[in-house]
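Remarks on the structure that follows.
A, B and C label the chains in the order they appear, each numbered from 1.
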Amino acid sequence: MAEPPLRPRRRFRQPSVIPGFGLTFGYTLTVLSLIVLLPLAALVLRASQLGFAGIWEVATDSRVASALRVSFGISLLAALVASVFGFIVAWVLTRYDFPGRRIVDAVVDLPFALPTAVAGIALAALYAPNGLVGAQLAKLGIEAAYTPLGIFIAMVFIGLPFAVRTVQPLIVEIDKEIEEASATLGAGRWHTLVKVVLPPLIPAVLTGFALAFARGVGEYGSIIFIAGNLPYVSEIAPLLIVIKLSEFDYGGACAIATIMLGISFVTLLAINLIQAWSRRRFGYV
Amino acid sequence: MGGSTAIRVEALSKTFDTAAVLHDFSLDVRAGELLALLGPSGSGKTTLLRIIAGLDFPDRGRIIFGGDDATQLPVQQRAVGFVFQHYALFKHMSVAENIAYGLNARRRSERPAKAEIKARVGDLLDLIKLSGFADRYPSQLSGGQRQRIALARALAVEPRVLLLDEPFGALDAQVRKDLRRWLREIHDRTGQTTIFVTHDQDEALELSDRVAVLDKGRLEQVGTPDEVQENPVSATVLKFLGDTIEVEALARDGQVFVQGRATPVVARPGLVGPVKLYARPWQLQFAEAHEAHLHGTVRSSYRTQGRQRIEVDREGEGKTVVVEASDTARLAAGLPVGLRILGGYVFAD
Amino acid sequence: MSSLAVRAPGPSRPTSQPAPRTASVVTEGGFVRWLLIAVAIGFLALFLVLPLVTVFVQAFAKGWAAYLAAFTEADAHSAIRLTLIAAAIAVPFNLVFGVAAAWAIAKFEFKGKNLLVTLIDLPFSVSPVVSGLIYVLVFGAQGLIGPWLIERDVQIIFAIPGIVLATIFVTFPFVARQLIPLMQEQGTAEEEAALTLGASGWHAFRTVTLPNIRWGLLYSVLLCNARAMGEFGAVSVVSGHIRGLTNTLPLHVEILYNEYNFVAAFAVASLLAGLALVTLVIKSVLEWRYSADIAAGARRH
C-alpha cells in the first residue's frame, strides 16, 4: 500500500470532523460580497475616479466643510456627554438596587429600538419653542430646536445606549474583593474608586465613546427634524449627501460619503486598538 | 486477557500547525481489554483517542478496526462510543432522550421500534444505577451522574469500542474513586473493549488491564500495570509512574556504584560508565555513615497515610530527596543522616 | 446587615446613643447613592422617556377619531404593506445568513477569521445615508449596472427591490454577531458527541445546535426586525418617496410631518413606537429568563 502523502503543514483551515464548512463559508462569502463588499466597492471606485484632488475640492467647499464641522464637532461633544452620563447610568444600574431598576435598564435600549424618524419628530416636537421642554428653555432664552443644540440633543439620545452597554458588563465583572482589598489597605472610598475601580474601565469607556461618536456622525433620521437644516449653521453631512443626490451630483455625494466612511474606519480602527491594548493590559475587552 | 486485536494503530503521525503531537505511533488494542492511555498533558493521548474515534485526522498512518482499514471511515460509521471529558450531554434533552439519541439518529429503516428504544434506555439506566432519572435534565444532575449518563449514551449504540477522554477529570476525589470501581465493574460485566485517557497514574494502574505510557507523541511503553511498574523501559516511564530519586552512579561489570560504594542494583549487560540511578522513596533506608550511599541533613518529616516521609537535603548537591519509612520516629530538622540504596533502576545518562 | 457586623468594638458609649452606622466598604454613602440614582433616572427620563411619551401624546392630541383617521388613508395602508414586505424578506434572509456565517466562523478554525467578522460588522459602522447611496451607485440610472438593468426594464432604485436591499444591508450583522460568540462559547463537543452517535451533520444541526441557539436566535431576529421596520435613512435614499408605491412607514411619517399633518404623523409614528415597546418588552423578558442562552459570557444565575 502506498504511503499517504504528508499534508502540507500550513493550512487555510484546521481539519475538523464537523461538516458544512465549505457550504456555510462559501455562502457567507458570496452573500457578504454581493450585499456589502461590492456596493461599498462601487463607492470606492467612484471616489477613486474623483481622485484625491476631487474629494479635497468638495471637502473644502465652504458649505460642505461647515456641514462636516457640524457633524464631527457636535457628535464629539454629544459622545462626551453621553459617555459621562452613560457611565453614571451603568454604575447605578449594576451597583445599586432600587425599585424599577429592571425597567430603567430596559429603557436604556429605547434608542436602539425606536425608529430614528419617530425619535426625530418626537424630539422636534418636544424642543420646539411651543413644545414641553422647548417652552421652558425659551423662557431662559435658549433655543434648542432648529439650532446646533437640537443636533446635540438628538446625538446624545442616539449615542447613550452605546455608552451604557459597553461599560455595564465590565462593571458587573468587577470583583468586589479588589475593592475590599483596597479598603483593608486603608484606602477611602473615593481613593478606591479613582485608583482601583476606574482604571480598568477606561478602555470600555473609550470604546463606548467611539461608538457613540461614530453613530452620531452618521446619524440622519433622528437629527434632520430637529436640526432646522440651515446651511452653514445646522446642516449635517449626511443630509448634504441626500441633497447632492437629489441634485444628481453623484460626485459630490460620493466625496462626502468617502470622507465619512474614512472617519468611520479610523474610528473602527481606534476601537480595535483600544481593545487590543485593553486585552494586553487588563486581559479582557 | 490476550484476546485478538480489536484496533490497530499503525504508524500514526499528526501535527497541529507546526507542533508535532504524534510521531510514528503504533499500538495494538486487544479485544475486550481495558486499556489506559497515560501521559502528561501535551503527550498526544487525547489526540490519539480522537483520531481513533474519527474526530481528528492523522497526517499519515492508519487505523484498523478488526482487520478493516477505518482511516477514511467517517465518524458516524465507526461505531465508537465516545465519552467526552465534560460529558457533552445535550442540555435541552432529558436523560432518556440523551441516551436514545444515537438510536433515534439512525435511518428509519435501521431504527429500532419505539418500544425497543425505550426498553434499551431502561436497561442502560439500570446498568448505570440511575433508573429513576429518565425524565430529569442534565442540569439537575451531579457531575458523577452526568458522567454515567454520558457513558450510557455511548453504550446505547452498541459500539465496537468505548473511548473515554479523561473520564473522571472533572470530578471530586471521592466521586472519582467510586466511579473508577464502578467503571471496572461495568467493563467486567460487558466485556466491552475500552480505551481511556488519563494523566493520573493511580487511575491507570488501578483500573486498566494494560497501560500505554505516552510522552511527547511517542509510545514509551505498553504493558500490564505490573510490567510497567516492575520493568519500566525508560526513565520517563519510571518518573511518570511515581516519585523518584535521581542519583549519579557508575556501572561496571553489571554492578552499580554510588560514590564508590556498591549497590544491590543490577545494570543491564552493556551498560557501562556513568549512569543515572533512580530509586523510589521506599527503596532508601537510613544507615550508618560507613554503609550509606548518600549523606545529608533532615529538612522536615511528616506522616501521611501511616507512613513517614522524610525530606533530606543531600550534602553538596543542594537537592532534596524524599525517603519513606514505616517505623521511624519523627526526625528533628538538621539531623545529619546517611541513606542506603536498597534497589532501583539504572538508565544511561 | 453588614454595617452592623463590622461595627468596631470601641470604648463603651452611652447606651441611649444609637450604634454608629459604618458604611459598607464596597459602595458609596447613602446620599451619593441616591444622588447618582436621581441623576441617572432624571437623565433617562428627560432624554429617552419623554420623547417616547411625546409620540403618544401628540398622536392623541385631537382624540381617537383623528388618530384612527390616519390609518384609513390608502397611502398608510400601502406604507404598512411595504414595511411588512421589506421586513418579511430582509429578516429571513439575514437569519439564514447569520446562522451560516456563525456556523462557519464559530465551529471552525481558519485563517482570516477576524477579518471576516470585521467585514460582516461593517454595515453597523456605515452611515444609513451612505448605505443607501452605495446601492444608488450600483443600481441607479447613473450607476454601475443600473443603465443595463433599466434597459431590460428592471427597476431597483426607487422601487421595492432597492428598499429591500437597503433594509438587508442595515440589518446585515444582527443575527451573525449575536450568534458567533454564543456558538463559540458552546464549542463543538455536543456536535461531536452527536456525530459519534451516528448522527449526520444536518441531523446534528437540527437536534443539537439549533435547540442550543434558539433563544439567541429569537433575540437577534427580534432586534433585526425592529431595525428593519424602522430604518429611515438608507431606505429614504433609495426609495424616491413615491407615495403609495415606495413609501415605508418611517418615510410616511416624514411626509406627513413635512406636510404639517402632525396628528397623522404621530399616529403612524405611534405604531412604530408601539413596535419598539413590544420589542423592548420581549427583549427584556428574554434577557431575564434566558440570559445565558442568548449571549456568550452571560452569567448563569
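As a working rule, a residue touches a chain if its C-beta (ideal position, glycine included) is under 8 Å from a C-beta of that chain, and two chains touch if they have at least 3 such contacts.
Computed from a predicted structure; not experimentally measured.
S.K.: What's the overlap between the neighbours of subunit A and those of subunit B?
M.R.: Of all the chains present, those in contact with both subunit A and subunit B are C.
S.K.: With centres defined as the mean of C-alpha atoms, identify the chain lying farthest from subunit C.
M.R.: In terms of C-alpha centroids, the chain at the greatest distance from subunit C is B.
S.K.: Any idea whether B-C or A-C has more C-beta pairs in contact?
M.R.: Top pair by contacting C-beta pairs is A-C.
S.K.: Can you check how far apart subunit B and subunit C are, centre to centre, with Cα atoms defining each centre and the answer in Å?
M.R.: Their C-alpha centroids are separated by 52 Å.
S.K.: Roughly how far is subunit A from subunit C, going centre to centre by Cα mean, in whole Å?
M.R.: 14
S.K.: Residues touching two or more other chains, restricted to subunit B: which are they?
M.R.: 54-55, 75
S.K.: Could you list the positions in subunit A whose residues touch two or more of the other chains?
M.R.: 14, 17
S.K.: Among the residues of subunit C, which are close enough to touch at least two other chains?
M.R.: Expected reply: 192, 195, 200.
S.K.: Taking the touch rule as given, give the residues of subunit A at its contact with subunit C in the complex, in rising order.
M.R.: Answer in residue numbers: 12-14, 16-21, 23-25, 27-29, 31-32, 35-40, 42-43, 45-46, 85, 88-89, 91-93, 95-96, 98, 102, 104-123, 125-126, 131-133, 153, 156-157, 160, 169, 172, 176, 179-180, 183, 189, 192, 214, 217-221, 225, 238-239, 241-242, 245, 248, 250, 253-254, 257, 260-261, 264-265, 267-268, 272.
S.K.: Under the touch definition given earlier, write down the residues of subunit C that touch subunit B in their complex.
M.R.: 189-190, 192-200, 203, 207-208, 211-212
S.K.: So in the complex, which bits of subunit C are touching subunit A?
M.R.: Against subunit A, subunit C makes touches at 23, 25-29, 33, 36-37, 39-41, 43-44, 46-52, 54-55, 58, 97, 100-101, 103-105, 107-111, 116, 118-120, 122-123, 125-130, 133-138, 140, 142-144, 165, 168-169, 172, 188, 191-192, 195, 200-201, 205, 223, 226, 229-233, 236-237, 249-251, 253-254, 257, 262, 265-266, 269, 272-273, 276-277, 279-281, 283-284, 288, 297, 299.
S.K.: In their complex, what parts of subunit B are in touch with subunit A?
M.R.: Its residues touching subunit A are 13, 15-18, 54-57, 59-60, 75.
S.K.: Going by the contact rule at the top, pick out the subunit A residues touching subunit B in the complex.
M.R.: Residues of subunit A touching subunit B: 3-7, 9-10, 14-15, 17.
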